[in-house]
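Below: a set of structures, written as structure tokens.
First chain A sits with chain B, and in the next complex the same chain sits with chain C.
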Partner chain A sequence: MRNLFAIAKREVQSYLVSPVAYLVIAAFLLVSGLYFWLTLGWMVQYREVPTMRYTIEFMIVIFVFAAPLLTMRLLAQERRMGTLELVLTSPVQDWELVMGKFCAGLALYLMMVIPTLLFPLTLEVFGNPDWGPVLSGYLGLLLFGAVLLSVGLFASALTQNQIVAAVLGVAGNLLLWFFVGAPAYNPGISPRVAHILRMLDLRAHLQTFVSGALDTRDIVYCLSVTVFFLFITTRILEARRWRA
Partner chain B sequence: MNGNESRRERIGNILLTLALVGLAAGVGTLLVERRLTLVGEIGFGVAGALLLTFVIVEPARTRIWITSRQVRYGSNALMMSLILLAILSVGNFLADRHPYRIDVTANRSLSLAPQTVDVLDTLEGPVRVVGFFTSPTTRDRAADLLDQYRYHYPDLAVEFHDPAVEYSQALEWGVTDTWRPTLFILYEGRQEKINVVSEREITSALVRLSRETRPVVYFLTGHGERDLEDPGDGGLSTLGERLEEEGFQVAPLNLLITATVPADASAVVIAGPRRPLSQEEVDRLAAYVDDGGAAMLLLDPAPDPEMESPALADWLADRWGVAFREDLVIDPASYIYPMPTIPVAVSYGNSPIGRGMGGAGTYFVEARSIVQITATQGTTDTLAASPYFVPLVQTSTESWGETSWAQLAKIPETWPSYDDGEDVQGPLDIAVTLEDAEGEARLALFGDSHFCANMAVRDLANGDLFINTLNWLTEDEELISLRPQSDVDRYVTIQSNLVRNGIFAVLVVLVPLAVLGIGGLVMLVRRARR
Partner chain C sequence: MIQVEGLTKRYGDVTAIENLNFHVARGEIVGFLGPNGAGKTTTMRVLTGYLPPTEGSAHIAGYDIFSESLQARRRIGYMPETVPLYPEMTVRGYLHFMAEIRGVRDRRTAVAEAMALCHVEDRAGDIIATLSKGYRQRVGLAQALLHKPDVLILDEPTLGLDPRQIIEVRELIRELGQERTVLLSSHILPEVSQVCTRVLIIHKGHIVAEDTPEGLTARLQGATRLVVQVARPSPKVEAALSTVPGVEGVEPAGDGRYEIASAPDADVRTAVAETVVQGGWGLLELRPVGMSLEEIFLQLTREESPIEEIAEQEVEADA
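After this line comes the complex of A and B, so read on.
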């Protein structure tokens, strides 16, 4: 466990000394801030119920593409620079390494998300939003972040090229976000298959969170996907040991 | 030997490739056809046979592959991953089977109303819902909503069809208008059809299905009203059949013979009387309605004052504060071409009846307008606690109520025009609903009775409007409070542009700049330390 924290700490530190992290966070806040400001204007003009729903959905769409950028170097770089072998031969266990890297990614993710709490606070200052859906939406944001980061980390373990890792991660996230569920909306599909595809569809699980409900199905799904990808990432690292 | 081996290897490679092609063909047809077709079966069969042949032809290669370290560890890792996947799948399956949901919205807008849960508690036996949707989003909304019903009542089976694709199913269920959703709810051998996906509609349908007795609707006779037995253009035979189909019992009623409205009456309909009602009849009707009854009045424009019923008009004005105007509505903005005297409606205000229409159109043949008499106009001071007046059908702002019968008689040679001071400018109400403060006594007033006659009741959604109105009139008390909860108290207001720009400056400019600033600071400190 101590190893895990040490790895996470080291990774977060290396994130924070690079200018890229600040650029990514600033760009993210700029884009989501602009989007929120536009929806705020819409809410004021059409006397809509104040909501964070669309901004949270928008932020998750950005993360479908941005999460692999956060995770791409975590394992791929170690491998390219040859430090992975070093780590693998050290007394650090594989799962500690994976979890440490994952926690570092999640920490950076939180650094991006926490400033956006200014948005619902703005709504509170100029109106009276329903905080239930806001908080459940942010819980969804956290769980979805975990899913998207675990896919990105898995992609980073597959290759030593960061760009390839990022592309693979985005592809994986898009697969979960869009392509798995898309056939379910095909009119002719059998309801049972459609149901299973919707169960697998990441996007379908977002609706309950942002509309203000906590459903065990969505929470179990997000945790399952995260655990699964972290597990197979660990197995891949393990494979490095016995591969020639 | 060597050549033999290389040839064997080549054959092995070809076998593997062909097996992959067979496998791809099988999976491909499975994906396209969404079932195992003959082609798919052949594909899988050939792939299996080729793989088996490969094992026989290349036993050495197969052994090496299976026993190699990579495969051993790999298959170990693969097996563990598959086991984890199985465990997670079971977890998700169980979560799907036994969902638990917490509604964190302030007004519990994502939960079924307690009234709905009470209704579900009274049900016994399976409920089947068959839905027809062309829009996937509506279908999903229906699925989510019905999911909540199933959460409380597990014996509820749902099946959805796309009428545009599953044409035979749509034909079997008689679904003709595919542009709006159609839900059939089946319970105890009976069925209800609804066209709007909402908790109110579904629960109302369940209440109607679970009623022990069929509601009885009496049609007043004795004044030349439209007749339930009359199969002619002006008769109501089609409507009568439709009402029987929808689970109503219909019967004629002559208040000159019977001293009271029968106790089993769920509603009384007065459809287009040609002669006035007597004071006794109106008193009997009033006694019934005041006792928590429901009535539907369809009065056509009356060029001949002899047709008007003063007793009825007095009761409507004194008790309900409404009056039928002595006019005929001309709507040049929304009508059935070429007759501006046939107004068309596609929206139904905030009326609960209108919410069940799903935007379907209706039309009225020569309608008169209905007006709410405000207390200040003071026709009466006996007006009880103000009844709840809701417009159901409203004509356009360009319409007017023509009061000159002389002008109207010249149609179609010359069309009447709006006369300031004489005619009433639109929008005009041609159908309204009223209920008393307790929500027990209910009235539905229509300024036209043609729309439900044989000539028009099958057109557009005219029949639906009549049925929905009757459903509302005969609805149980418990559902009245099941109106959609409003969010009117939730708002966000920003008065000045300065504040708006200030928010922009802080959220879009300052916050990202601050992050960049912190980053710059960190870089500087690090450089200084070096």
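After this line comes the complex of A and C, so read on.
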């Protein structure tokens, strides 16, 4: 555990000296702030109850693309610099490295998301939002963030090129977000397969969170996809030990 | 401290090292010598647990590098050839991190000691990206010393240093070798002969020779060789020289030169000179050919037959 913490801490420090992290955070806050402002207009126009629903959905869509930008360097860069060899010849377990990197990514994600809490606070000041869906929406944001980051981390383990890692990560996230579930709506597909595909579809699990109807199935889904990707990332690192 | 038995590593069809056997005792500084691509780095990567052996085993301080990897890794300080550093960190920050993942308790002291030992404390607060090659190399070395490991594995520790820094690093390694076991790789011969107590010469994944630097030189000089050059070469020269007592073989080397092998104890120089003069062939040169470590190395690692010859000599010598 101490190794995990040391690796996460070092990684966060490295994030904070590189401009990429600030750029991603700034761009994310700018775009989601603008979008929130737009939704305010709709809410006023259609006399809706003030809600965070649209903004949270939008932030997750943005993060489908932004998460790989945060994770691209995590393992690819270590591989390129050769520091991976140094870390893995220290008494550090492969999973400690993977979890340390993941926690660093998650910490950065929180730095992106926490400032957006100003949006619901703004709603509270000027209106009367329903806090249940807001909180469950933010829980969804956290869990979806974990899924998208774990896919990005997996992509970063596959290559030593950060750009390739980012592209692979976006592709993986889009696949999970959109394309896995898409064939389920093809009328020719058997209902059983369609059911499985719909369960795998990341997007389909978002509705309960943003509507405030928390469902353990969706929570379990997010956690297990995250664990799955972290697990195969660890196996990728270990794979050098099999290529004997 | 380091025990290697039958170690083999293949990458697909390519055999990087094959059936390596060697032991390194505590307090020894062993030089791993070989041309680029001989398998030095692969061996070190296997020893540090980064790559698994295909066959055979290796133990560090009694721990198997594969099945007891964590235990073995705790006892190793490793400096890879590329000297991996995090360029955005400060020297002190980097060493603190390395000490942390190596499980060092008193990190402040350990970092201070390692920095002092490697003479980098004056740049402790600097960003690694701004350091010169020499400093980086020493930071890389400091990193390997943090946890006071029993075994130091250094891949090309003086690569890219200027002559003064090379001398400093060698002195440092010699100091460290008094209490620790050091395995260092190099393709520079003087370095190995100056620093190491024992040399392993590796070529194409095989150990082709193993001895002290002095022993290696002596062994290969065992059969004394002479080179004679005459002004007017003729087939008779060869015949006449072979009849000289003590001469075991004569080979024309072109350009009027002949290489003469003689029995180890016999000094045939005067007799050879007289023979040439009497024959009227015109003696131009007569000199004994001693082999420097360079020549031994070249001979051992040459592409053609000498490897087998020397391997045979080795077998004979061992028997």
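One rule holds for everything that comes next: the second predicted complex is superposed on the first by the 238 of 244 C-alpha atoms of A that agree within 3 Å, B and C clash if a C-alpha of one lies under 4 Å from a C-alpha of the other, contacts with A are read in each partner's own complex, and residues count from 1 in each chain.
Here, contacts are C-beta pairs under 8 Å (C-beta built on N, C-alpha and C of every residue); 3 or more make two chains touch, one makes a residue touch a chain.
Worth saying up front: this structure is predicted, and the values here are computed from it rather than measured.
Participant: In the superposed model on chain A, is it clash or fit for chain B and chain C?
Facilitator: fit
Participant: Could you tell me if A:Ala6 is touching chain B, chain C, both of them or neither one (first, second, both, neither)?
Facilitator: Second partner only.
Participant: For A:Leu23, decide between first (touching chain B), second (touching chain C), both and neither.
Facilitator: It touches chain B, and chain C stays clear.
Participant: Which partner does A:Glu85 reach: the first (chain B), the second (chain C), both, or neither?
Facilitator: In the superposition, A:Glu85 touches chain C alone.
Participant: Does the superposition put A:Trp37 against chain B (first), chain C (second), both, or neither?
Facilitator: first
Participant: Of chain B and chain C, which one touches more residues of chain A?
Facilitator: Touched residues of chain A are more numerous for B.
Participant: Given the touch rule stated above, what does A:Ala213 touch, chain B (first), chain C (second), both, or neither?
Facilitator: first
Participant: Is A:Ile232 in contact with chain B, with chain C, with both, or with neither (first, second, both, neither)?
Facilitator: first
Participant: Taking the superposed arrangement, what is the smallest distance in Å from a C-alpha atom of chain B to one of chain C?
Facilitator: Nearest C-alpha atoms of the two chains are 6 Å apart.
Participant: Check chain A for residues that touch chain B in one structure and chain C in the other, and list them.
Facilitator: On chain A, the residues that contact chain B in one structure and chain C in the other are 17, 242-243.
Participant: Which residues of chain C touch chain A in the complex?
Facilitator: Within the complex, chain C contacts chain A at residues 9-11, 45, 48-54, 70, 73-74, 76, 78, 80, 82-89, 93, 97-98, 100-103, 143.
Participant: Touching chain A in the complex: which residues of chain B?
Facilitator: 34, 69-70, 73-74, 77, 80-81, 84-85, 88, 91-92, 95-96, 98-107, 109-110, 134, 136, 144, 159-160, 162, 164-166, 487, 489-494, 499-500, 503-504, 506-508, 511-513, 515-516, 518-520, 522-523, 526
Participant: Considering the complex alone, what residue numbers of chain A touch chain B?
Facilitator: Residue list for chain A touching chain B: 16-17, 19, 21-23, 25-27, 29-30, 33-34, 36-37, 40-41, 43-44, 47, 49-50, 115, 118-119, 122-123, 126-133, 135-136, 185, 187-191, 193, 199, 207-208, 211-217, 220-221, 224, 227-228, 231-232, 235, 238-239, 242-243.
Participant: Under the touch definition given earlier, write down the residues of chain A that touch chain C in their complex.
Facilitator: Interface residues on chain A, with respect to chain C: 2-3, 6-7, 10, 13-14, 17-18, 81-93, 240-244.
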